[in-house]
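Which chain is which? They are A, B, C and D, in the order written, and residues in each are numbered from 1.
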């Protein structure tokens, strides 16, 4: 029982990270129709910038987590405004290649700015430091915090998209950009905004990952972007509900796999994705895009 | 009497809670130019999609020349002699006009899978393709890319692509939509001629009543997935329910 | 003979001469250039086959590293356990690539667009995981090491390919064969039908083409090319490794296809040359080759959408038009 | 002039005797060697290491050591009077990139010698390539025993030497430490690749023989790139072992230790062994978060041996780079000096005589005296094990109680097959 609970908790906290990254990815795909490889780079940048701010703003680490991702939004703005906009009309491979080019560029820039070596955040998380005992075994408070943040972000996103006029405009532009433009929505600006918001979500994931993973390396975004891709596809591209569910499933399944079926752990998420797509070719909540 | 060209038995289909086809049973006889009409949302396109295999049939049966084709894939039906065009011009935009027509011609001849022979050596298919293009009046455009054609020519090309499969039965989904009067006349004349030629039986889905009543030997009216009326144009024109449901709708639509 | 035909013939002779010079260049400029030449040739074979799928059929696969690895391990295992003769090994590599593609394709081909890409990614990574974990057979992450380059013996004829130059010539010959086959495929009814599927799969289906079967055929052919390239790489580097199946490796043929030009026969080959040469040159000047490479990619995507071949063709066309105008 | 002649005569005299001191003397030469006629031009050394991706930090540490050696050697007259030219190139962690790098160095740049190489897969892939290129490669990081056992010893690839210690240290020597600990039930969290599997197997084999009755109950292998070890930690906590052995390394070890501390692993499992825990990136990365009383070791530990050579080197290193040397810094640094000693002993930079000079050569290095074993070209030298403790003089945890398990009793011996070739001897 103790073991199961802790496996689930570990899976949940890990799943919430994937969710934070996948949410931005999904939002950007859902509205802009672009699969953004560089999203993992925003995660990485979020981690690095926040790391630097943690030092500067010590001991108020939470301020760093607040402002760090905002700085990264500048990078998101530049990518969308000056580059991505040019390839909206192109086929998928071009979009992937363009964003892949940014993966190379950002990885290398991080190496130049912060050094090639791994960076390690200093301890010091204020009230979130330390562990609590759950069923006789310690569990870090910070992981509990992450488990709480995930659903909050999901709820906030849902409210934003379903309950506000901005959300309505975004949804309208997502389903038919010509129609939205005809109705007077400034679609390019809207797209830039959505892309920046998606960037912000990814960067928040990175900022939150700093104390969780404990190591920052150039290239740290590359493994999580694949997981986020899988989650987004599993849930049905463009579906935030699907991404949330997918992240939970992947997180928990991975934890169980490591614990109970270690032989498959490298293949587990791919097996799951393949199985889901074979049964439901457009993911759990996917809809056909015209 | 021989079996009808196409026979539909008890065809039903649902999209969620919306019924798009309800227990439809009817048949199409060889050589009889039929139009399928109905107000928007009547299920005309769904009907064609079901018959041609573009959508899977949920209940009912489709028989082509007496053979059950309900479970067959699209390309298999095409090989048997069922063809179609789409509501929105649906060609191979990046290929030349001739190549557009060559693809069905080669598929028909069973030569599309030949990996090492040259296209330029496929005499028969090329001749057939050229012939089809001339028949629809695109013979001079053969080497132009399809994407460079005018809208009307692209619709003609789509008909040509469909004809190149030598269909015994050809569904045309609003073939004249978006055409200018000249193009429209040309197309309709073509259809009339081909229909009279007897090789192809046409089933038109149309919006334009002039077209329907000028061309058709028979008119089928659908409404909310149900068969409302079926008969010669004069009878359909006189049918009270059709007037009420269908033409009433038209009038409504036309009103500002 | 018309003057136009004469100039066309002249142009053709010129391009053959240029190709011959290009092939000879590495041989004349030292061992390392020859070695890089082999790598370009292998990547070009991989890419040329791949582009039959991406450029011609319009399918973006992220799993071709898996078929490359299948070919590599097939040759490696054959060489270590059955016979070191390269011909059965290469035949087996080709067959293994095709067979793996057939199995994977059977499952993936019904998915569309991004979902197809992600399914192939998943299957490629499954192959990666299997190779990584089947340590007894594959050597795990250490890879399959110690494959030797035995001479090709055909009856009394013995072709020694242990030397760089000999192997380079073999690789170039196989590349030429691969290009020739791709060329024939492209101008055949089969190739036209594939292009039709790329342009409009629904219309193709209604033109009487069994789209899935054709897509699968293209998938298998490109898998065979990948297998052949993988087998050749084992002969070149004398080892096979699981990372061959990793998605980062699957991305390479996409890269070279886009770099060189998606819609031309020579695109992937030219892209391979550019890819290898570019990285080599950049790396001599800076450790930050990733940054430089990323910037070059951006320039190509934003500036030369048709890839290098497309840009050259456009340039030639403009010149010809300029000459014709006055 | 006189001084030069003396040192040269001394060199020849010592070399003639085949004395071990020749190498030692040449390590910090007092004079400038006149170039023997057979050695022309600069001595070009190509160094391949990982400079991109998540492990690029290792490459930086390699670089620091190699550059320092180059500068020091050149400041003191070079190798046999010839200047050392060093080129460092990104060989990544992939075998094909390592091969390309090696070929570039030899066939294009004109390297006389090669050094570096981080991953086992790369080292193994280079076996036949080095034979073909016929240049000496000194491996400074890759630890797989197969390199020296299979390629060098069994298949006769004489061109490859390894200056760092191998999996023997991580597996066998760890068992010697473990045998004296009051723990009978062991478990592991280790990397899910050959390195992790091999070390754990060596550890089990050796400890099982040293201390019959020891059980190895649980293993949880983490794939490369793991950032969340919590499920692995749960696996271990469920099994309640007395001892934990882990060959996690680099950033993953740091992540693992942090997450294990959060989960209270170090309170539940008293005896923990990290064979590569004394790596500088780990010590610096964890700082005070490294728990106390954990047994750590590595391929070099900056406070061992406590002699003038090492202490001065560490001081110079710290002064120049503001870091304590990582083990790859030391192996990189010493690899250049090994080449220097070999070239000067051989009187040539040709591959054959240099191989002959290196075989059986002893060399004083910051890590202590190394012996390049003749049969398999593995450097034999001792690296201590120690229990972590805090020290006010350092921002990092250092070894408190130390324990030396000599390489001579833990390294497998040629012919590597049959009885008496694997410890315990």
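Everything that follows uses one rule, which is that a residue touches a chain if its C-beta (ideal position, glycine included) is under 8 Å from a C-beta of that chain, and two chains touch if they have at least 3 such contacts.
Given the structure is predicted, the values throughout are model-derived calculations rather than measurements.
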Query raised in the report: What chain is most central when centres are computed from CA atoms?
Result: C
Query - Intercentroid distance (Cα basis), chain D paired with chain B, Å - result: 75
Query - Inter-chain centre distance, chain A versus chain B - centres from mean C-alpha coordinates, in Å - result: 47
Requested in this report: Go ahead and note the Å separation of the Cα centroids belonging to chain A and chain D.
Outcome: 38
Query raised in the report: Which positions in chain C touch two or more other chains at once?
Result: 132, 290
Query - Contacts with two or more other chains, residues of chain A listed in rising order - result: 107-108, 111, 266
Query raised in the report: Going by the touch rule set out above, which residues of chain B reach two or more other chains?
Result: none
Report summary line: Each pair of chains that touches is included here, namely A-C, A-D, B-C, C-D
Query raised in the report: Residues of chain C touching chain D in their complex?
Result: 30-33, 35-36, 39, 132, 135, 139-143, 145-146, 148, 233, 237-239, 241, 243, 280, 283, 287, 289-290
**Report entry** chain C to chain B touching residues, read off their complex
**Finding:** 184-185, 187-193, 195-196, 198-200, 202-211, 214, 217
**Report entry** Residues of chain D defined as touching chain A within the complex
**Finding:** 51-57, 59-61, 192, 220-223, 225, 227-228, 230-232, 234-235, 237-238, 250-252, 254-255, 258-259, 262-264, 281, 284-289
Report summary line: chain C partner, complex, touching residues on chain A are 35, 83, 86-87, 90, 92-94, 96-98, 100-105, 107-109, 111-112, 226, 229-230, 233, 237, 263-264, 266-267, 270-271, 273-274, 277-278, 281-283, 286
**Report entry** Touch list for chain B against partner chain C, complex
**Finding:** 52, 54, 73-76, 78-79, 83-84, 86, 90-95, 99-100, 102-104, 106-108, 111-120, 122, 125, 158, 161-162, 164-165
